Structure formats: C-alpha cells, structure tokens
Amino acid sequence: MSKQISRRDFLKLAGVGAATTAVLTGCGPASRYVTREPYTKMPEYNYNGLSTFYATTCRECAAGCGLVVRTMQGRAIKVEGNVNNPVNLGKTCARGQATLHGMYNPDRVTDPIHHVSRGSSNGDKMDWDAATQVVADALSKNKPEEIAFLMGMAPDHLFDLVTDLTKSLGAPAPVRFGALSMFEARATLGQAAKDVLGQDGLPFFDVAGSDMVFSFGANFLETWLSPVAYTRNYAKMRRGNPDRRGYFVQFEARMSQTGINADEWIPIVPGTEGAVALAIGRLVAEAKGTSLPAVFSGVDVKAVAQDSGVSVDTLTHLAGLFANAANALAIPGGVALGQSNGLQTAEAVLALNAFTGNFGKPGGVYLSTLAPLADQYHRPANIKEMQDFINTLKSGSIKVLFVHGVNPIFELPKSLGFADALAKVPQVISFATFPDETAMQSDYVFPDHHGLESWGYQKVATGAGPSVLSGAQPVVSPFYNTHATVDVLLAAAQKAGGALASALSFKDEVEYLQSKLNALLTEADSYFSAPEINTFMADFQQYGGWWKTKDGLVAPSGVDVLGKSLKIDPAQFNGSGQYYLIPFVSPVLGDAGANKPWLQEVPDPNTTVTWNSWVEINPATADQLGIDNDDVVLIKSDAGSVEASVYKYPAIRPDTIAIPFGQGHTAYGRYAANRGINPADLLGPSLNGAGDLAFAGMKVSIEKTGKKKVLARLESIMGVYGTPQN
Amino acid sequence: MAATAKPIQSIHAQEAEDDLRENLLFDPRPRSEINSMVMESMQTAGWKFWAVTTFVALFVLVALFGVWIYLILNGMGVTGTDRPIYWGVFLSNTVFWIGISHTGAFVAALLRVIKTNFHHAITRVAEFMAVFGIIQTGLSVFFHLGRVWRSYWLIPFPNERGLWPDFHSPLSWDFMAITTYMIVSGLYLILPLIPDLAMLRDHSTGWRKNLYRILALGFRGTEDEWKHLRAAIKIFSFAMIPIMVSVTTVVSWDFAMATRPGWSSTVFGPFFVVGAFHSGVAALVALLALIRITMKNMKYFIRPETFDSLGKLMLIISMAWAYLYFNDYIVPWYGGTSLDRLLLKFHETGPFAPMFYLMLTFNAVIPWALLWNKKIRRSPWVMFIIGLLIVIGMWFERFLIVPGSLTISANPFTWRIYQISWVEVSLTLGTVAFFALLYLLASRFLPFISPWEVQEGQESHTIRKVGKAGLPSASDID
Amino acid sequence: MSDDGMTLLALFQEVDPAAEAVEKLREMGVADERMNVVSGVPFKEEILGRPRVRTHVPMFALGGAIAGFALAVFLIWGVPFLYPLYVGGQPMFPVPPLLVVGFELIMLGMLTATFLGVFVDSRFPSYEPKFYVPEISDGEIAVFFDCPAGMQAKFEKAMQSLGAESVRTVEAQEL
Amino acid sequence: MTTKTKIPEVAVSQSTTDQGKWGMVIDQDICTGCQACVAACAMENNVSFVGEDDIAYGRGMHWIRIERFWKGDYPKVASSYQPMLCQQCGHAPCEPVCPVYAAVHSASEDLNLQVYNRCVGTRYCANNCPYQVRTFNWRDYARPEPLSNQLNPDVTVRQRGVMEKCTFCIQRINAVEDKAASENRQINDGEMLPACAQACPADAITFGRIDDPNSKVSQKARDGRGFMALEELGTLPRITYLKGGSLHGSNG
C-alpha cells in the first residue's frame, strides 16, 4: 500500500501551511492568491490530525445539494451534507457520497491534450498557454454564428458566463442538455405547468403536506428533479405527522424503487396513465356527488379499465381513497410522460389536482421558487431542440463546438445521429474532467477541475422552499494540471481582444463570481447580509451558498382546465416487437456514476445487481420463452439491438421489460468502459407533444442467444426466490 | 494351504486344525526367520519403488507446498469459500484426516487392551497411520487459516503485551486437543519401536547400523527395560481410547457449538467418533491390503484371517455409523426448525444430492451387503475396494457436513452454494500424496511389522489337544 | 558385573531350559543381583523365577497428570484473570471448558511423563559398552552371571547339561 | 517480569448490560432503499470494493446492505427494504468462538469490537453470526492510485485474511467522547451520528444512547411498531427496526 510518494504529491499531501489554504486562480499573468474560508471558524493554523471542513456544492447532478467536505492535510476524506443548505438539510444521496471516487479516480484527464486523431486515446500534452491560445483563436477567428456551445445542467455560473460571452460575441446562445432531464421529461412538465398552472416553470409537488399521493410513473425517490429533497418530504409524509400516515399509490408498469415504497402498486399498461387519471377524476366527482367537470365528462371508465389493465373496482377503490383524502396530490412523472401522449397525460394528472383544488395549498402543487440571479426558469433543451442543434451541426455551418459537463454521444439515443453530426464540425473542444466518449471524439480536451476543486454556484431549480443559490469553493487544491473553464474562457477573451475582452474584463473566476453575487447584497430577508462584496464572498464560501429565509413557492393562478375537454389519444408505440420497453435511470449510478468504483459496487435497490446491466422480465413470461436467470437475450427495437442478462423480476407486467440506463460506456475510465449495455441504443427519435423524447414508447422483441452471463447479485437467488441456484 | 485328502472320521478335526493354522499366531516361525523376513521387506527396493517415490515426492512438492504458498500470497479468495460458506474443503479434510489418524492409534490401543488374536501384525501400520494422518490434519488446519503467518497467536505463551488466546473458543480446545494427540500418537509409535530398532541395530551394517544404534537408545531387552516398556505401553493403550474419543469430540464441537442449522446438534460428538472409527478402519484395511500386495514377505504376516476379523469390525462400525447418521437426520426432520428441514431437502435435492446418495451407499449399503460373507471378508482385493469406497464415502459425509451445510444460514439473503476451486482440489490430493509419501519413506527405514510383538503373540498362543481336536489356547504370557 | 571373576553367558533357545538354568545358578550360589536375563521377547519375572522388578512408570504418569491439570486450570481460569476480556454472554471463569481442556492436558501430561518415565527408569539413551550379544534379538534368551574365579568349567558343564546352546565368557562390548 | 499496569478502564466485574449503551432505530416505513447509507459507510470506513466476479460469488465487503424480500405474486406483489448491519449484540455468538480474542465485547462502549490486527482468519465468528453481517478480506483488493488519497486516517485499512464488520463508526464515537471529555460535559443526544445515519436522506436511521430513557433513539425504540431482527436467538441486538406500513397492504 505504501507507494513511494513523489515530490509533487508530498507537497500536496503536506498541505500548504498558510493560514487558510491559498489557491492559485486564473492562469494569465494576473494570477493572484485568494484565501478560502473554512466552514466554521477553525483555529487559524492547520493542525496535523485535525480535519478542516469546507462547504461546497455537489455536482453529481443538477439538484445543487450543499456539501461539507472533511479534509485533512490537503486530502478530501469524507463528504457530508451541508446542514444549513435548504435543498438537502445535511443529507446526501449515494451519488453525492461517492463523488470523492470521481475526484481521486485513477482515470482522469490530467493535462490539456490535443488528440492526434479523433477517437484515439493517445494525445500529446499541451501547456495551458497554448490551450488558451487555441480557445482564443477559435473565438476570434470564426464568425460568431459559426461558434456553438453545448453545456450540461451544472454548473450555472459557467452557463451564465457562456451566455454573457455568446451575447457579447453575437454567437447563438449555449444549449443545455442532460440525460436526467431527458428521462424526467422536464419540457413536458414545464409545458403542462404552462397549460394547467398558468405559468411556465417547474412544478413543485409538496409531498410532505399530502396524506394521499398518487404518482403516475414519477420515480421521485430515485433520481427525479431533486431526489434528496423529495426523499425528505416523503419521510415527512409518512411519519412527519404523528397522527396521520400518508398513503401512497404508484402507477407504473414496472415497480421501481419508488414503487416498492408504495402502499399500492398499480401495474398499468404503459401509455394509459392519462386515461386512468381522467377515469379516477370522473369517479371522484361521482363519489363526491359534485357536478362532473367537462374535462372528465368524455371518459368511459369501462373502456379505460379495458385498455389500462386496471379493473373497474380498483379504479373505484382508488377514487374513493382520493376523494376522502384531506390533501390529495397527483404527480405526473418520468415514464408516464415519455410516451407520445405524454403532454396530455401530464395535463390530465394536473387536472386531477385542479379538481381537488390543491393548487398553492400545503400538500398540493406549487411552482418552484425562482432561484436567485435568475429572471425566470430556464429549462434544459428537450430532444426537439437537440434535433435542431444536431441538424445545425450537420449543416456544417458550425466551425467550432465547445462541450462542457455533458456526454451526448453516450446520453443521446444513437438514432438522433449526434456522432455523425460531430464529425461534420471541424473543431471540437471539450472541457471534460473524465475521458468520456464525447471527449474522446473531440480534437482538444482542456480539462476542467473536478466539482470539488472548483468555484461557482448552482441556481437551485426545485426542491427547496426558499430561493437557494448553492455556492462552491475548492475543498482541496486541484489534484492534476487542470484549469477552471471559466478561467480559460476569460483568459481566451482577453487574448481575443476587442468587444469580447472589454465585456469580460475579469481578472479571474472569483472576480467574475463576485460581479454576479453583487446583486445579492441588497436582497431582502437573506440568510446572511454583508456590507460589501468581500465580506459577502467570505460568508458565501463559509456557508456554502446564499439563500433566503422565507419560502418562495409560487401559488399557481391556474387556468380553468376543468372546463376544457381533454382528449387523451392512445399512445403510439413504434417497433414490431410485442413487449413494451421501460428504460429507467439506474437509481444508484444516475447518468454519470459508472466510472466511480464504489457506485458500481453499490447494489441496485430492486435487483441487488452490481457492476453490470440486466433486463427485467416477468417470471411467467420468462418461463413461456424458456429463459432463465442469467441467460443472455437479444433485445431488438426499430432503432437498434442490445444483449443483456435476464433477471426474472416478479414486479413487472408480463408484457413489459425494463433495462437500467447508466452502463454501456465505450470509454469513461476502467470502471465504466465495456461494462453492461446502454438502453439508449434502442430508443427511436419519436417525440411527445412537448418535444421530449417518447423514450417509453418502444415495443421490442426478445430472442434467446443461448449464451449465459452470471449477474453479480448481492442477494441469493436460493434465499430470496427459493430455487437452489447460486 | 489346500486341505489334503484325509480319512473321513478325523477330517473335521484336521480341517479345524488347518483353519487354525491360518492364523498367524498358530503358524509360528523362529524369530530369526521373522527378523530376516522383516529386514528383507525393508531393504529390497527395485527402481520401480524409487520411481514411484520420486514421482509422489515431486507431486507433493508442487501440489501441496507450491500451491500452499500460492494460497498464502493470494489470500483465501482463490479457494471456493465465500459468505456464508466460510469453512470449506480444508475443514472437511481436517475432520477426514483426524478420523483416519485417530483410528490408527485407537485400533492399536483397543486391540492391545482386549488382547485379540489378530492385532499383533497390524499395530505398527496402524500407529504409522495415526502419526502420518495427524500431520495431514495439522497441514489442513493451516491451509484453512486466513492469516497463517499469525497463527502462532493460538499458542498460549507469555508475551510482553500480556495477550493470551481465548479458551472460551472451541478452536482453542481444538488446538489443545490436536497438539495433545499429535504428541501422544508420536510417543505411542516410538515406544513399541525401540525393541525393533535394537533388532535392526544388530542385523544391519554401514550407515544403517550407526543410525539404528543411535535410535535404539542402547536397548538390550533386560527384564527392567522390558518391564518399564510394557508398563508404559499398557498405560498408553488404556489412555489412547479416551483420548481418541475426546479429541474427535472436540473437533466435532467446532461445528456443534456453532448456532448454524444442521450443525448445532447434540449427537455430533458420538457421531464424529463413530464416523472417525468407520473411515479409519476402512483406511487401515485398504492400507493393509496394499502393503500385503506390494511389499515382500507380508503375505505371512497380513493374512486373510486379519481381513476377516477387521471385516467383522467394519460391519459393526458401519451399522453404528448408520444408526448415528439416522439419529442426526430424523431429529431435525421431525422437529427441527424450517431451516433445518430446508437443509435436509437441500442435501437430498440440491446440487450435492449425488454425493449424498453415494455417501449412503458407500458407507452403509455396500458394507452391509457384502461384509457378512466370510469369503468376501477374507479376500484382500475385495476388502481393499470396500475400504476405499468407505473412505471416499466418509469424505463425502464430511464435505456435506462442513461446506454442504453452511449454505443455509439464519439470514436467507446471503445463501450461496459452494463451488470447489482447483486450489482446494490440489491441496486435498496433496495431503493424500504426502500421506502416501510418508508411508513409502517409512517403509525403507522402519519395520512395518513388529517382530517382537509377533513372536510374543506366537509364544502366548498354542494349540491344545482336547480329545481329538486341536483347540486354540491363549495364555497371558505377556 | 563383579570385577574379581569373569562374566559368563549361557544362551538358551527355549524358556523352560532358561528357567531351569536360573534355578540351577541360584543353587550354585550365584546371587540374583549377579545374574541378568536378557531376551528378545518380554517374559514375566515369574516365568523365569526372577525377583519382581519395581517400575516407577505409573508414578511418573500420576505426576504428569497432575501437572497437566494444573496447566489446564491456569489456561482456563488464569488467562481471563491476566487478560480480562468479556466475550458474548459467556462467564469469565467457565467450568465446562475447564473439563474439556483439563482432560486433554491431563492425558498429555500423563503420557509424556510415562514416556519420560521409561527413559529415566531404563536410563536411556546409554551408549556405553554393555553385556549383549546380537543373537538375543534373534529370539535367544541370554543369561549373564558372574562366576567366581576358577569355577568357570563347573558352570559351563552345568549349563550344557541343562541344554544351553553355548556358554562362554563375554566382555561388555559396544552395542 | 516487569510489573504490568492493569488496563484501568477494563473492569472485570462489569458485564454488558442487557439493553446496551449505543443503539440504533431504523424506521422501515420511511427507508426508501436509496443505498445512501451503503455508499456513506464505505467512504467513511475505507471499505474496499471487490469487483464483479467476487460479488457474483458472494464476497461483497459491504458493512451495511439493504435486504429486499418479496411477498406475494404478481400482480399483488409487495416488498420492503431492511438495512442489515452488525447488531452489536449484547450476547454476541461471534465473540466466544474467536480463538485469539479478535472478536471481543468492549466493556466501556458495550459494543462488539473487531480487533483487525489480532485476527488470524479462522472465520468462525462469521460462521456463527446469524445475521451474516461480518465480511472477510478474501484477497488484498486493489485500490489503484490515487484512490488511496480518500482513505480515512482514523480507520485502519485491512489486509487480506482479516475479518471486518460495522463498528457503529467507533472512530466517531471516540472523537465525540474525546470532544465531550475535553469540554467536560456529557455527550449531547444526536451529537454522535454514524456515517449512515448522517447521510440517510429520509432520516430513517436514529442513533444514540439507548440506556438514556429520554434520548431520541430510546423514545423511538418504544414505538409500538418496534421489533428486533432474529430476537428469538437471544443475541440481545442493539438495533430496533420499526415495521414498515407498506408490507400490510392498505393503511388499515
């Protein structure tokens, strides 16, 4: 274990003994040292053996949970939640805990490299001046409309900088995309909120205050929108009120981790969620004896029961529950919206809420608080906008593409053809921290710091009552020769000169941050106030962000949806196979957790499988097809085919199969590469009403391949399922 | 000894007498002839013997010590053990070898104590089996330890940090019991050997003479020496019987003390003792048959008569074993917890089912079907086969008890099924080869037959004429 | 044996003539201490009419047993006293483990002491010259006795008359 | 023989109390099975990852795992999550069977201790544990550089051949006790949190002094829904589980 420590490591490990660890910022001639503020007022010297805690923000997903990282002698040891941050109130999820296995991952991009040829893993190292020059030339030498930025959903301060940069340059605005937003169908939620709640924005479902939650496909305890916040609220719903225990029903074809926590699981035919919601609305109206609103009038309960596979008396039983509940709440989510009729489903479910009049009430539907520094909620691009972006790339009009914080080759379905579009772009510059697929296909990789080594802020879109800006500061000095992308862009802007230089005349990232944070000095009822920016910046770093003390949830004005007649057209499924396909985001890996060894080792909650992908098939169907556990089957859809090991999963409809998303990388480090399969290969380009991908709208065929691949389960098949098999 | 044609009326008497002559003790030879026969069996070794010995020695070097070092360097991960099967083949080997080893000493001691008329030729082979078997037991225990380079902490020696082993643990009792048995069986081999070494000292030349002169410790055979020696052998013989029972019981308590379904049963003590005896006698019979076939002059010492008597013993013991196995089976079957019953069903229908049924046939069905017949009992070849089958059957039984029963633990989430790994197969065969190697080497240096005991037996057994028939009479001459 | 006369050896094939010879020698005035019967096979003293030999081996055995039990008591009750660690639900000074380890160590003590007893009693290992002839291990019974000076012929004749195979003077020789 | 000073804090007479000192309550009704505790425990206690083949053969090193059993058949199939970790039993079956005092009971903390450097790897303790929550270092599992930077300096890194298990984050208990002692005050209720309790988004894991009747964990343990895993074996576990509602179908 004790490796001979190189001199450079020794310096790092010894931890610079300055009062508070000083950090070199910027990389141009004007670089200067900026002191960091430890989390609580620690003794001013860094004892050996005493750990120092720094507050920062988790960048494993876009929820923006606050973290407090314990460091000792310049090494980050343990990540904990930031108790004061209203998003997670001191708690973290599995991905947040494993973020250190990302920072200290053995396969990180260590230096700026220039790929001799795209796709080849060898690239010759460059120094940062040359790298900045490349970026400067790309910005100055190309015409503004020939420059394109493709960003991930975090961090927001980089997105704001790129927005300012493109505005001052006159280039098209940066496009934001994330696989999580694709599987959560955020555009559909936003559009439905506009149609039903009267305002564009991300709805916030107050699960904590509700005593009857009907969730139509929303996996809000896994990776949906802000998982830690929703898990906290779920716990409040169950045990928050001593004399009332919330009741929770989940409507989905495949029982997800959220489904296992439900009191009742309704195995519904995919695509019929909207119809079922309307049927329940009608039955609730009949149960309450009020007049039947127009929106529910056109629905025939028997026909809905026939299509959806949910018997009439179950529907009446559910309607009874919904009617008698004090604060009933219906949530449209994930799989339900990933159908061709996804938008109508969302509107039908929101109509159900409108009927019980729980808009803007505890246990009802709100619009998420507007984040600080944000004029209005900017949602990430939906698949329609991504298709347009891909077409512009294909048209060859884009000469240089900058990519940061997103891995579209892996995250986007292959049928959209992003890879070929990338080939058409003469120069691709990636700022990836890890050697993922898109970084491998780019000409240059100028690696950004890891999330815990960088500055910044994240505007919290949803999950917290008050308006929250989660702040980030480096908890350790950067481990490799990486530079913050904001610094690189600022330096490039100076080199490029002209309007760009004058618009972005910030010495370094911290000064840029301070220019943004200036606006918050004068905000009313803020968590801490400071007379001027330097004191504010110190508190901002020490508390790990800035947030208001009072809730800012917006009570929706509501459009008279009950008067409208809402027709749910049956969901279209393309593909000749006879099984519905449910791709779901792995609750453990999320969209980018595959390269962290300990995340691969953490078992999937439902199947306890680790380190690989699997396909869940109902045991009855499997027996019919003569398939057994660990048999490898070929799954074919219109768009492609994959091979995966079978897991006979008892809680899934016989006509449905499910595959987790998160594995199947071809690059991205030793723990992720060539492990498992990517269900996105099966998805076609069909969209739903709001421009989101109808990812659950595929029908696939299953064929035996005769091969066998043992799944690494933590459970024992014999102990849990009774068959004497290992 | 084909019976020659005789007049009818006295045929019975003569036939009876010829049968009697079958027994070694009633077919005496002069001591010098016995000595030379034993010496000859020790010294003559063709190239075939040395070829086999070197092959076995090489196999032991590679398959035992080489693979053991590989195991130590790579950790227990290379074996088939996992959660919840923390004890694998090495533990069942330990129980298997301690069974064979114990019966060696037990047979030698018991038959001496009850003064049978067939043990005189076979006590030395049995004592060798005891010593060589306990060496394999020790090895198997060390294979099984996760950090074998720290296992000296099991020894209760005073050290500067005042750390002592925990004697609440059955493993500490085990350590005590196996060490005791190792020392005691060694001494029990040496004591009767001293007179034979004196004989060898007198009859050999060159480097052998010097070797035996040193080993014989100056023994002459004066009355004092014989008196002390025979007193000691009497004490040893009486003490070995309870030791054998206690050490096997302590080994069985490693399993009986654990709160695992299938293990925590009160019948494990006697069950393991009888199991040890069953496999031991079978192994002894197989060894004797092998020695009789391969070594010179052994046909005179190891006779069909010996196999006949041992065969009867095997029949009785296999019934006892079957009884105790049934006892250990019916109690959980009838009143056990659901896990116990599931374990029984797992044995009968799970992946180890063939091994389960083979065990029953080898250990009980075959012995009962064959060993009642005198002709079968007297033929060394058939007895060799039956012995070998019982030894294999008992190994299966130990395999089913240790890794076979660990599949079902109190927590169903962690049940796994044991898969043996090449490392364990290699080390198991390694111990068998090492056992054989020790025998091969011993046959060159130490007599397999104890001439003084044979002569002593022959002197104290004569044929007395009663009426027309010659009847065996035994006098308590020694 | 004695230093003034010489030591004679009479070899016999069978037990009975040997017993007669011992009887005869005793009559001819050879004291029991002066005589020594060495045989390849153990014979009880009464068979050869020899005085009873006292052996201390059982005493050694008893001493060894007590030492073993003392060690067991130290291990089972002394160790928890020296290194007091509480282990799940078990009393600090248990009795049953004492019986188990006690029996083992009693047996160990007894049998090792017995073994040592044989060595001590027979004064093994001793490699100085002794009265011995190789034929003994071939089943002969050898009677060594001191013969006062000049009486050698008389003894020889007596022995041959009783069927001794050979009678000769013998010196202590390396074994 | 130099005179050895007796270890003062170990009083031979003090046996473990039946109810114990440190304890935990896990509310299965709000545990959503999100595995945050599994990841947090591994990061805090330097637990090594073993890779696909060793997990497939049942050699996971997880100190805490979420167990999921099914009840009923499709479509009326239900399940629930039960986090399973070392119960720090009062009468631990794993302690008496260790021949080298590697599995012992701490008289001062009333916890089941696993002494890594004393263990010789007989694995009898793991055999005897009814909950099967002890994990064994079958090999020296690789930890490629620079992952070793993340190692927690307060927790030993274990070698192959050594048994390990959940210790209720004994390093945190010691740190909190030292802090309280240096400020000569009692430990406040809730000040000591193991890594799993601190990370659990649903706050399903409550930890504290179960010998103090008005600590949060004692009050929760007295909840009508409380039960102990395999209580009938008499191992006196220190973890009380609160039965989840969903296993009983409708809300009554």
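Think of it as A, B, C and D in the order they're written, each chain with its own count starting at 1.
Just so it is clear, contacts are C-beta pairs under 8 Å (C-beta built on N, C-alpha and C of every residue); 3 or more make two chains touch, one makes a residue touch a chain.
Please read all numbers here as calculations on a predicted model, not as lab measurements.
Student: Could you tell me which pair, B-D or B-C, is linked by more C-beta pairs in contact?
Tutor: B-C
Student: Compared with chain D, which chain's mean CA position is the farthest off?
Tutor: C
Student: Whose C-alpha centre lies nearest the centre of all protein C-alpha atoms?
Tutor: D
Student: Per the centroid of Cα atoms for each chain, what is the distance between chain B and chain C, given in Å?
Tutor: So the centre of chain B lies 30 Å away from the centre of chain C.
Student: Report the inter-centroid distance (CA atoms only) between chain B and chain D in whole Å.
Tutor: 45
Student: Please report how many Å separate the Cα centroid of chain C from that of chain D, as a whole number.
Tutor: 64
Student: With chain centres taken as the means of their Cα atoms, state the distance from chain A to chain B in Å.
Tutor: Averaging C-alpha atoms per chain gives centres 68 Å apart.
Student: Quick one: which residues in chain D touch 2 or more of the other chains?
Tutor: If we look for residues of chain D contacting two or more partner chains, we find 57-58, 60, 65, 67, 69, 93, 96, 98, 101.
Student: What residues in chain B touch two or more of the other chains?
Tutor: Answer for chain B, listing residues that touch two or more other chains: 162-166, 168, 172, 411-414, 416, 419.
Student: Specify, in ascending order, the residues of chain C that touch 2 or more different other chains.
Tutor: Residues 80, 83, 85, 87, 90 of chain C touch two or more partner chains.
Student: If two chains touch, include that pair; go through all of them.
Tutor: A-B, A-D, B-C, B-D, C-D
Student: Which chain D residues qualify as touching chain C in the complex?
Tutor: 10, 12, 14-16, 89-96, 98, 101, 103-105, 107, 112, 235
Student: Taking the complex as given, what residues does chain B use to touch chain C?
Tutor: For this pair, the touching residues of chain B are 30-32, 35, 156, 162-168, 172-173, 176-177, 179-180, 183-184, 187-188, 190-191, 194-195, 198-199, 201-203, 213-214, 216-232, 235-236, 239, 242-243, 246-247, 250, 253, 452, 455-456, 459, 477-478.
Student: Can you list the chain D residues touching chain A in their complex?
Tutor: 27, 29-30, 32-36, 38-40, 42-44, 49-53, 55-58, 60, 62, 65-70, 73-75, 77-81, 143-153, 157, 195, 198-204, 245-246, 249-251
Student: Under the definition above, what is the set of chain B residues touching chain D in their complex?
Tutor: 74-78, 81-84, 86-87, 144-148, 150-151, 153-154, 162-166, 168-172, 175, 254, 257-260, 406, 409-414, 416, 419
Student: Okay, in this complex, where on chain B does chain A touch?
Tutor: The touching residues are 346, 349-351, 407, 411-417, 419.
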